[in-house]
Structures are given as C-alpha cells and as structure tokens.
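Next come the structures, one after another.
Here come two complexes built around chain A, the first alongside chain B, the second alongside chain C.
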Partner chain A sequence: MENSKNKVKSGIGDTIFDVFNVVLMILLIIVVLYPILNVIAISLSNAEHVARADIQIFPKGFNMDAYQYILKDEQVWRGYANSILYALASAVCTLLFTSMTAYPLTRRDFIGKKFLTVFLTITMFFGGGMIPTYLLMMKMNLINNPLVIIIPGCVSAYNVFVFRTFFRNIPEELGESAKIDGANEFTILFRIILPTSKALLATFGLFAIVGMWNNWFGPMIYFKNPNLYPVQNILREYLYVIDTANLQQRAGSGVGNFNPTFIQQISPKGVRMAIVVVTMFPIMCIYPFFQKYFTKGMLVGSVKG
Partner chain B sequence: MKSSLTSKTLSAGTNVRAGATRTGKDWKSLIWKQRWLLLMALPGFLIVLVFNYFPMYGVLIAFEDYSVKKGVLGSEWVGLKNFMDFFHNPMATRTIKNTVILGVYNLLWSFPIPIVLALLFNELKGRRFKKTVQTISYFPYFLSTMIVAGMLMQFCSREGLFNQILGFLGKKPILFLQEPKWFRTIFIGSGVWTGAGYGTILYLAAISNIDPNLYDVASIDGASRFQKIRHITMPALTPTITIMLIMAIGGIMGSDFQKVILLQTPQTYSISDVIGSYTYREGILGARFEYTTAIGLFQSLVGFILIVAANKVSQKVSDNSLW
Partner chain C sequence: MSKKTGKRIMAFALAAVIGTVFFSACGGGGKDSDNSKNGKESSASTDGKRDPLVLNVTMEGNPGSKDGRVNEEFEKQMSKKLNRELKIKYELIPGSEYSDKASILFSTGDFGDLIGIPFLFDYSKASEEGFLLDIAPYKDSFPNYWKYMEQTSAGIASVTDDEGHIYDVKSIGLPRFPEDKGMLPSNLSTYRYDIFEKNNIKIPETLDELYDAAKKLKEIYPDVYPVHTRWNDLRSLFFANHTSNGVYWNGKEYVMGLYEEGYKDAVAFARKLYAEGLLDPEYISDDDEMLKSKELSDKTFIVMADWFTTPGEFTRLSSSGQVFCATLFPGNPKYGEEAWQEVQPVNTVSINQFSGMAVNADTKDPEGVIEFLNHCFDDDIIRLLTWGIEGDSYNLDQDGNPQFVDEILNAPDPWSEADKYGMRASKNMRPGVILAEDSKAYVALAADDWLYYDGKVHQEPVEQSEYYLNLPYPDYPENPYVPPAFEEPVCTFDTDTTQENSQITTAYNTLRDEWETALVSGTRSMDEWDKYMKEIKNVADIDKLLDNYNKAAKEYFKRSEK
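== the complex of A and B ==
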C-alpha cells in the first residue's frame, strides 16, 4: 500500500518534470530561432516599419529593396566568390595535407613516427601568438596573398591525430595486398585508405568550409586590398564603415542605376540585415547535411588514439 | 647517386628486421625504403614547422628592441624592458582586470549551462522532439562572430529587439552597446546563445556511454529520476566535466578578443578593453611589435600556469586530470 502510493507520487512528480522540461525546450527553441527570424524579417520590411520597431518574426511592408541594393553591389558578389574559393581551397588543402601527415603515423615501422608525434603535440600547448605570426607573414611576403589564410591553419595536430585514429581502424590487409602488388604508399593512401574514409573526409571537409566561410580576422589583418575580401569582411564594411550617407553615395557611384527615391526610401538597417542574411545563407543551406556528420566527427576526436 | 641508392634498397629488407642497433648505413637504407612515407609527411611537417614553430622563435623579440631590418637575431637585447613598459602602463591594470573579470564571469555562465542542458536533453522522452531541439540548439555555433555582432548591433539599437522587450515591459530604451555596464552581459549572453547547445555534445556522448542496466537496476530499487541523475548520470559525467573545467580555467585569460573588437565602442573601453584587444590595437594597428609580443607572452604564460594549477588541484581532489 505504502509502496504503491509512493509510486503514484513519483509518477506525478515525473509528469510535472516532463512538462516543465518540454516547456523549457520550447523556450530554448524560441530563444535560438527568434533572433534569426527577426533579422530576416527586418531585411524584408520597409524602412518605415524598421524605424517604428514593430517587426517581430514576420516582415511588415514586405519588399526586397534591401536585397536589390546589395545584389547590385559588385563588392558583395566579389566577396561571395572569394569566400567560396577560399572555403573550397581550404577544404582541399586541409583534407589533403592532414591525411598525408596522418597516414605515415599509422605505420608501426615509420621512422619519423615518434618525432612527428611529439613535434605535432607541442603545437597543441605552445604557439607564437598573434604578433609573431603576423610578423612572419609580413616577412614571407604573404600580405595580400590568399594563401596566408588557407595554408597556415590547414594542418593542425588535433586533426592529424583524429585522422590517424580513423585510419588505424581500417583493416590493414587492404593496404597489405596492394603493397604486394607493388603499389607505393601514395597509391595506398589515395586508392584504398581515402575512399574508405568518406565519412571522415565529409566531416572535416565541412568543418574546414564552415571555418573558412566564417573567417574574417585573418582577412582583416592580412588583406590590404579590398578586392581580396571574403564576404564576411564585406559584411564588416556594411556594419562598421558604411552609414546612411555612404550607402546613398555608394549606390550613386558604384552601381548608378538606382533612382533617387529608391535610395531615399531604403533603410540602412534593412540593408545591413539583408547582408547578414546573405552571409549566413550558405551556412543555413549546408547545415542539414552537416549536422549528420559533426556529432560523429566530434566523437571520433574524443576517442584517444 | 641514384644507382648507389637503389643498391641499398636491395639490402634494406634484411637490415630492418635484424636491426636492434642501427648503424648509419641501416638508417640510410631505412630512409630510402620509407622514402614515399617520408615524402608524404613532408608537406605537413613543413607547414607546421613554418607556421607554428617559426612564430615561437619570433617570440624572442619580446626581449628585444626589435627592428624589422635587423631581424630577430640582429636586434638589440633589452631583457624585460618590454614587460616593464606594459606593467608600468595604466592600460595594464585596466586590461588585465577586464580580462580576468570577463573570463571568470564567462566561466560561471558558459561552463555550467551546457551541462544542465545536456541533462535536460537526456531526460526528454520523444526521440523526434529531442533530435529537433538538439539540431536547432547547435545551429548558432556555426554563425560567424561577424554575423553575431551584426545581429547584436541591430538588437542593441534604439529600435532593436532588446528595446522592443524593454518597451513591452514599460521601460525606457537603452543604447546597450554604448553603456559600459551592459558590455559583459551582452558579451557573455551572446556567447551562451552561440555555444551552449553545441557544448552539450561531449556531455551527451559521455551519457550515451552509460550502461542502461544501471538505470534499470536503480528503478527496481525504487530510485526516483532525480536520484538516478544524481547517483548515476552525474558520476559518469564527472571525468568529462573535470577535463572541460580544467581547460576552461586555462582559457580565463584568453578572452575571445575578436568578438570584443567587434562589440566594443569608445564609450565602453573602460570595461570592454581586454588584453587581446589592446594587443591587437597596439600591435597590428600601432606596429609596436616587441611590446605587444611581450604582452602576448605574459598572457599565455598566465594561461599556462592556470591550466597547470587547475590540473594539479584536480589530481589531488579527484583522479581526473588532463595529463
């Protein structure tokens, strides 16, 4: 009797907790999504409503003026093209050089194994810091060279160790048989190891793409030439450099074929939010594919090799 | 040259297997035998050497009156002068204090929230709902600091989201980014928004490794849900929590200065200026290389001491440690 009463009691407590938890999660979803939807709504609303601050998650006075404006800015297009190029280059370099560094480490008899492992591990704890790195790039004449943001970060100790752990789990016989057929190590890596590591490559390729897409600090300090800017830095220009007057001037000089009333009615805030949306758009597109992989990728990393 | 090397390859196979003590000749043949492996590792080695090790060598300029022309070895040594210059500068007190306060507050919020969130995720019943909540909560992590800054600039403005909320509550609008006292709240709040969901992944992984039988046995013994969390889930999470905490403590000094640079305004410098943002201004924009390298070295030294100390304490108190 006593026992069953207890059970009922804890049952009610459980239900209350479940309800509370679900409510909390719905709140969490709102907190995450509301700001994003708000930004999108502002970018699609007319200037009057933006100024009146009555936009929640749906556009008011729907129009695409802000998008029309930024899509006629050739800087935005160039930034976009640069971003895509840098992101792809970064993914290719990361995957290529990381696997090439990791594969020899899986070979038990590799003579450089111990040295290379220690050599990489040290970089996980020590680094030169921002200023010495900047001076090095200056000395190597890498200022205004896109390689400066692509190559330096493409081989990280952490990634190499994750790749090594992953490669180790591939049955050795696969490589052995190829070796008997006289294939060299490059053939084994590119023909046998990498094709069986598609999940790994997808995960880290996507990480590299997202990481480079979001990179603005490197481009800001290393690129003096605005034509090299990725879209994040164009976004920075819009957020920090261009005010209302510039906005009108920019449309007047760079693009030209806007009529004055269009420029008058356009909201600088709407334009800013439009470029925020345009900048995060690829991340939103990539995310559904990405989210399948990244939890897996993180877990591969947490398995110490 | 080439023919002599190939002749060595022929003998390589036997030498390797016998070689308990390797002679010079054995080494050579071994290197030749593994030439493809070595060649393969070469690009990675060179990239790490140049872009990770050369800057470490460049840190030496912290002890010099550095001149770009004379180089690292040619410049004059001045001992600790650059460090002293920093400590005698009133900016030192300000930036160190701001860095530590921002770091500690950030730790207090950003560290526990993902743990609580992971526990709550784990208690969700519906699989689909759980997956949806997780997927949505991870998303902000993948937005760049620039995008987050752009959104915050809008939300903090007079017509922005935050003032809409204040207006709804019948309060006067605040220009959040111009008020020093709001800086830390905005910085840490937005950090939680971007990182809390993603931060649960490691904890959820640790939870998924718990043997489900433990929970069943506990249920039979009449344990309530909270008892199960306290006595099964939390103990299983402790190693992960400890390691994350040690790393977070090591990171107190290394505040995310890139976000600081984007969110600070001249009106908030007294609170928002941290070591990193000061280093950036003086070093990159002001070209005071040796001075800022010294500051950077000081900062990483403190970070290193913190992480070693946290690890020591953890070793004493529990069995968990980073190394």
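== the complex of A and C ==
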C-alpha cells in the first residue's frame, strides 16, 4: 500500500517519451549494428559477390576462405600472443607507474611538486619527433626490444593529472589514520588509495589495453625481428600482400610475384573485413566485463570535491 | 602474512620491475652490435684463405621466403665465386612497412651493409649525411653492373648525380620479348566482348567507332553508362590525340600538353560522351573497387584505359559468362594512324624502378661488398635465383632455354607449387639478393588473358601472344604506337629544384583537374577555353617548369656522352 502511494503516476507524456526513446534507441542500434553485420557478411562471402558489392547483412556464397587465409599462418597466432602480452604488460605498467607518479603530487609536503607539474605539462605540448625518439631508443639499446613499446609510453602526463585529481578526492583522513598505525607512503598508496580507485584503474587499464592492442606504428618502427610483431602488423602485412598482388597482377610488367588465380579466390575486400573481425573480436569479448567501471570511470577526475 | 613480510614482498616486486627495465635496456636486443660494422678489416689471412664475408642485408621480404634450397645454393655458389665463406644475415621488413621504416633507417643510418631502396625514394638526404657509399670509384670492381646499365635506354647516367656520384645499385630486368620485335603495352582498353558480340557491335579501333559503339549500347541498355575509365583520367583520349595533359617529352624537348590542340579535342570528345549519357559521371571519383563492382554488375561495358591483365582477372572471377577482352587504345586519324600506347621496355635490358640497393658507407669491407654485388649480376646467379636449380625446378630445352618442370607447369596452382622449389618465380619465395631478374620465368607462369585482335578474341597470356610478339619493335618515331616519352631523358634535380617543380606542378594540376571536370561535365562551356589557358599560366610558372626540365635533359645528355 505504501509503495503504491509513493509510486509516481506516468501520464501520456511519459508514455510518448518512452515510445520515442525506444524507437530512437532501436534506430541507433540498427545504425551501429548494420556496418558490423555488413563487415561480417562480406568476410564470409565469396569473391565474386564481394566484387559486385551486393552484400547486405547476410553472406552470399558462404565460405571461410578469407579467415583460412589469415589464420592458417602460425605468425598470426604468434602475433596474437604478442599482442596479449604487450597489452597486459602495458596495462600493468601504465597503472603502476602512473599512480606512483600521481600520488606524490597530491601530497602537500612533497618538495618539487610545482616543478614536476610544470615539467609534465610541457611534455603534453612538445615532443622530440620521430627521428630523435628513434635515435634515443637506439642509444638506449631498446631497438628490437618489446619494452620499447611498453615503457616509454606508459606514463602520460594527461593520465598523471587525471590520477592526481582522482586521488585528491579521496579523503586525506584515510591516509592519516593509516599513518598513525605505522603505514608508510607505499602502504597508503597500494592498500588504501588504489583499492578505492577501482573505477579509475579499470578505465585506464582498458584504455591501455585497447591502445596497445591497436598499436602498430611503434612495433613497425622499433622491431626488426618479425617474431616480436603484434597481430596488427602481421594482419596489415596480409592486407598489403593481397593488395600488392592485386596491383602487381594488373601491372604485370616484370614484377610477377603474384598468383593470378589466387586473386579471384580471395577477395582483398573480404580479407580486409576478416581482418577487422579478427582484430576487434578480443576487445569485444573483454569490454562487457569492464563496462560498469567504464561508465563510471569516464567522468573520473572531472568532478572536484 | 605479517606487515613486514608484505613490505618485503612489495619492495622485492618493485625492485624486480625496475631491475628488469634497467637491465633489459642495457642488455642485448637493441641495435645489432654488428649492424653495419661487420665484415672484416682485411680480406686475406695468413694461410691464403680469405676470411668469411658476413653481410647484414636490410630489405623488404617475408622471413619465410629465405628458406629453401635455392637460397642455400645461392650462398654456396657465391662463397665459391668469392673464394671465401659467405654468411648473409637478412633483416627482412614486411612490404607493408618497408617504405615507412626505410625512411627512418635512411634518416638515422641504422641499417646493414646493404639496404633496399624503396620505390621512388629520395635518398639524397641520406647520401648528403654520408650514410651511403659512393660506388662510382668501384667501377673496375663492378663491371657487371656497368655492363647491364649501359644496355638500358637510360644508361649509367640515370643513376649518376651531377657530381658524378652513384649511390643506387638499380635492379635490372632482362628482356622478355625478342630484341628486334614485339611490343608490350601495360595499359589497354577493356570491352565486354560477350555484350558486344550479342548485340553485333564492332570492337572500336578509333574514337569515332568508340562513340558509335557507346551510342548503340546506350540504346540497348538505357540505364547504363556504357563508358568508364580507370585512374579517374582520360589518358587514352590524350594518347589517341598524341598529347598529354601535363608536361611531356615530345622527342626533342619538354613541352606542355595543355596548350596543344590534341588536348582540347580530347576534352571535347569526353564532353560529348558525358553530355549524351555515355560516360559515367563518376569516372572522376570511382576507385578500383567501385569500378570493379560496376564492371562485374553490368553497369559499364567499356573501360577506356585499364591495366592490361585486369580484363583477364575479371573474366576468371566471373561465374556468369562475362568476357572482358583487352585491346589497344583506339586511335584518332586526325593525329596519326595509331594511338600512342603505354609501352613497356621489355625488349631490352631495363631498369626495374621498383627496387634497388644502396651500400652502407660504414661497411668495413666495401671491396668485399662490391665484389659480392658484382657476382649477383652473373648469368648463372640470375638464372639460379629466378628459375631455381637445373634438373630440379627447370630443364633446358633444345635451344638452351630454361623450361619449368611439368610438376610446376601442370599444377593447379603453379605459383604455389613453385614455392616448394624456392626460386623467385613463385608465390612467396625471394631467395638471395636479387639484383637482376629473368622475367621470362614469370611469363612462363602467366595466366590467360582475353585479347581482341584480328577480328576475334584469343585466350592466351598477353606476353605469349603472337600478336603482341610480332608488333613492331618499340622505336620512336618509327613505331606509330610508341610515344616520344618512351625514350625521354632521365632528369635529376637538386632538392630546391625538386621542391620548385613540385609546387608548380601541384598548382597547375589542381586547376587543370577542376577545369577538366567542369568542361567535361558541361558546367563550363568550351568557349571559356582561352580563360582556362590564361588561368593555368597565372596560377603556375609553366615556363620555369619547362626550363627546369629542359635543363635537366641537357645535363642528362651531357652525362650520357661522357
């Protein structure tokens, strides 16, 4: 009885709004889902139908040739393993070192806080450029070392400031009471601050994973050993080979390292779509687990007090 | 767990992380310690046997492509020729990244003894920085390269800069066609032969016939734009009218095609096609995928300019009986008996513009490297790398010419079958350091094309076609199909002139494209032609551009005489 008394009555306006809302969301879902279904359909269709561009959301001439082309090579699987390793390592390093950089900046008694803040701010606007950076990595013997794509980029000034703002919102009393019990700054950071920052850590952990998963430029520049390549570089090479074969088959003049019958068996566009599916699949799998933190964490650092 | 133990574990973990970072940065896995600093101080040892030659080679490739018996045989034979053990360490960079990565390597000097030069790459900065070895002083040690370069139409002058330096070891293509006849155009016109045959329409040989054919097709298929072209330009029309829509070599000097009557007539013809709904309005924007889709969906039947093997590719792809045939560009009798064609230099030794090699200036054994490169041009090495091992992947016929074994030729997929043998003429294998290719090997594995000549379609690879093998030798001006640009000089410019040329060319290209599109589509009238010409002259210093090119041409001829 009490519940029905407190329940807000919905009028016609609310119903219209709900209907409009649902229709709008359904349209948005269609708009978002259609390209994904189209991509999957093209990746599962035969070359002729792909060439004719007459595929909508269902495959035509169903076959898995594009996936077989990509996945039969052990290099792809090695690339997958590398990508997972780099993504996880990047996430751990990013969260660890960023929090260790941001936390001291929240302490009032930290000497050099202003200088470090300005120092970090400058790095947000200026960079050395690609060649000087490469030379620096070369001098540090980091070329052809997986750490070259993990360590240099793991502490971003922007992330440090977001972490700092978030940490500032955690009551100081928590740290003070821990100090009374004999905790040092490391203990406070790892046992009080970070456990209360799950939304922050999940969000930036996801950013780091996605960023490293999509990263192909750093590996391209710094790796000489193809066994170190992440999956993005390997799949990019697959696409290049098929596009180049397509082009060179048309050029046909003295660069015949192509297989003319291969071209019509596998469609470059089909392979391109299969590559999209193969690379987005893992991220699509982990995203639902992070979603609750992600929604909350998007606003981290934006509200003070 | 006590607090103390927890602290210790935490401290240990942090120390482990920091230590890993520190020691991995100091340890190996960085720049190859012997990268470009290998080789040896002296090429002779006390017992008369030469010390091994270790080469680091940075080039485009797939790691798997170095496996195979041909690569092993290559190193064995080269060791014999060099009279010293040869060890090659390949740093193979995937093709998708090679251009970008090579730019960085050239900028930093971080590459092996030999590095592949990407297509159209400007290595002048790297040479100015002193990263590249000038091979001009090694002419006596490198006779094979000079021998082949002098056989090309461009000659050694094409790789020599104004100061006489040579940094580029160009790749060479051996002739595929006879040395006295035969002509291979890389661009042809495509026609839907099945549609033409069904409606009893003649395959065009002139622009007027093309127009008539398009009109008939429009009557039969009113919803279709019968005419299209690849690359969003009207090159076949310019070639029919013996001109160009930019700066080109006319046999004596560089001139501007935009000023010529042939260019105006070509634009007017395209305008006529457009106005009558014959030319697809999207010819200016469709990419290869769109054009392919239209061709396979019967939305176009004539592609005025196309790659010569694309019609064959589409015919094989189609499962509904579509036949795409290729034939020479139609001509315009007003300007000559035949249209110019995009002719390839396959009758003589030619430079493969797609690849070349440079030598690291810091290599410790430059003489050894040059000796190695010289042997890469030996006839037996060329044959080994391209055809494979005699008795294994090929045998010699009664004329002494190599022929692939039946296991390769008769395989359902000859290219993949050839992979098992490990030679260049295969799908994936790239053995050794290939500086010269016998491209007859690729012709042997070429797929069928559908070629129209002598009034009917012939199903045969274009490079094995009796018709194309018996066309006149591509000699300008004796052969009416050959444009004068076929024998144009190789112009080299310094950085400032290159930038100046680029600015002028970009300026007039942009305006030209706007006007051409407007004139063809009818947005502008042909009466505004004088205004078009005036604007071209105002927006770009064409005279300066021509002056730069003609000066460079004179320099080239001077170098050629030396």
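By definition in this document, the second predicted complex is superposed on the first by the 213 of 305 C-alpha atoms of A that agree within 3 Å, B and C clash if a C-alpha of one lies under 4 Å from a C-alpha of the other, contacts with A are read in each partner's own complex, and residues count from 1 in each chain.
Quick note on the criterion: a contact is a pair of C-beta atoms (placed from the backbone, for glycine too) under 8 Å apart; a residue touches a chain by one contact, two chains touch by 3 or more.
Not measured: the values here are computed from a predicted model.
Between chain B and chain C, the partner in contact with more residues of chain A is B. Of the two partner chains, neither chain B nor chain C is touched by A:Ile180.
Of the two partner chains placed by superposition, only chain C is touched by A:Pro226; chain B is not. When the two complexes are overlaid on their common chain A, residue A:Asn141 makes contact with chain C while staying clear of chain B.
By the document's definition of touching, of the two partners only chain C reaches A:Ala47; chain B does not.
Contacts of A:Glu237 after superposition on the shared chain: chain C is touched, whereas chain B is not. Once the two complexes are overlaid on the shared chain, A:Ile131 sits against chain B and chain C alike.
In the superposed model, A:Val118 lies in contact with neither chain B nor chain C.
Shared contact residues of chain A, touching chain B in one structure and chain C in the other: 51-53, 130-131, 134-135, 138, 140, 151, 186, 221, 236, 239, 269. Put simply, chain A touches chain C in their complex at residues 47-48, 51-54, 96, 130-131, 134-135, 138, 140-145, 147, 151, 182, 186-187, 190, 220-221, 224, 226, 233, 236-237, 239-241, 244, 249-264, 269. On the side of chain A, the complex with chain B involves touching residues 3, 6, 10, 13-14, 17-18, 21-22, 24-25, 28-29, 31-36, 38-39, 42, 50-53, 56, 97-98, 100-101, 103-105, 107, 109-112, 116, 119-120, 123, 125-136, 138-140, 151-155, 157, 160, 184-186, 189, 210, 213-217, 221, 232, 235-236, 239, 269, 272-273, 275-276, 279-280, 283, 287, 290-291, 294-295, 298-299, 302. Residues of chain B touching chain A in their complex: 16, 27, 30-31, 34, 36-38, 40-41, 43-45, 47-48, 50-59, 61, 68, 117, 120, 123-125, 129, 132-133, 135-140, 142-147, 149-151, 153-155, 157-161, 163-164, 167, 193, 197, 201-202, 205, 222, 224-225, 258, 276, 279-280, 283-284, 289, 292-293, 296-297, 299-300, 304.
Across the interface of their complex, chain A is touched by residues 3, 7, 10, 17, 21, 24-32, 62-63, 91-97, 100-101, 104, 107-108, 110, 173, 176, 184, 186, 289-290, 292-293, 296-297, 307-310, 312-313, 316-319, 344, 346, 350, 352, 354, 413, 415-416, 424-427, 430, 437, 439, 441-443, 445-447, 462-463 of chain C.
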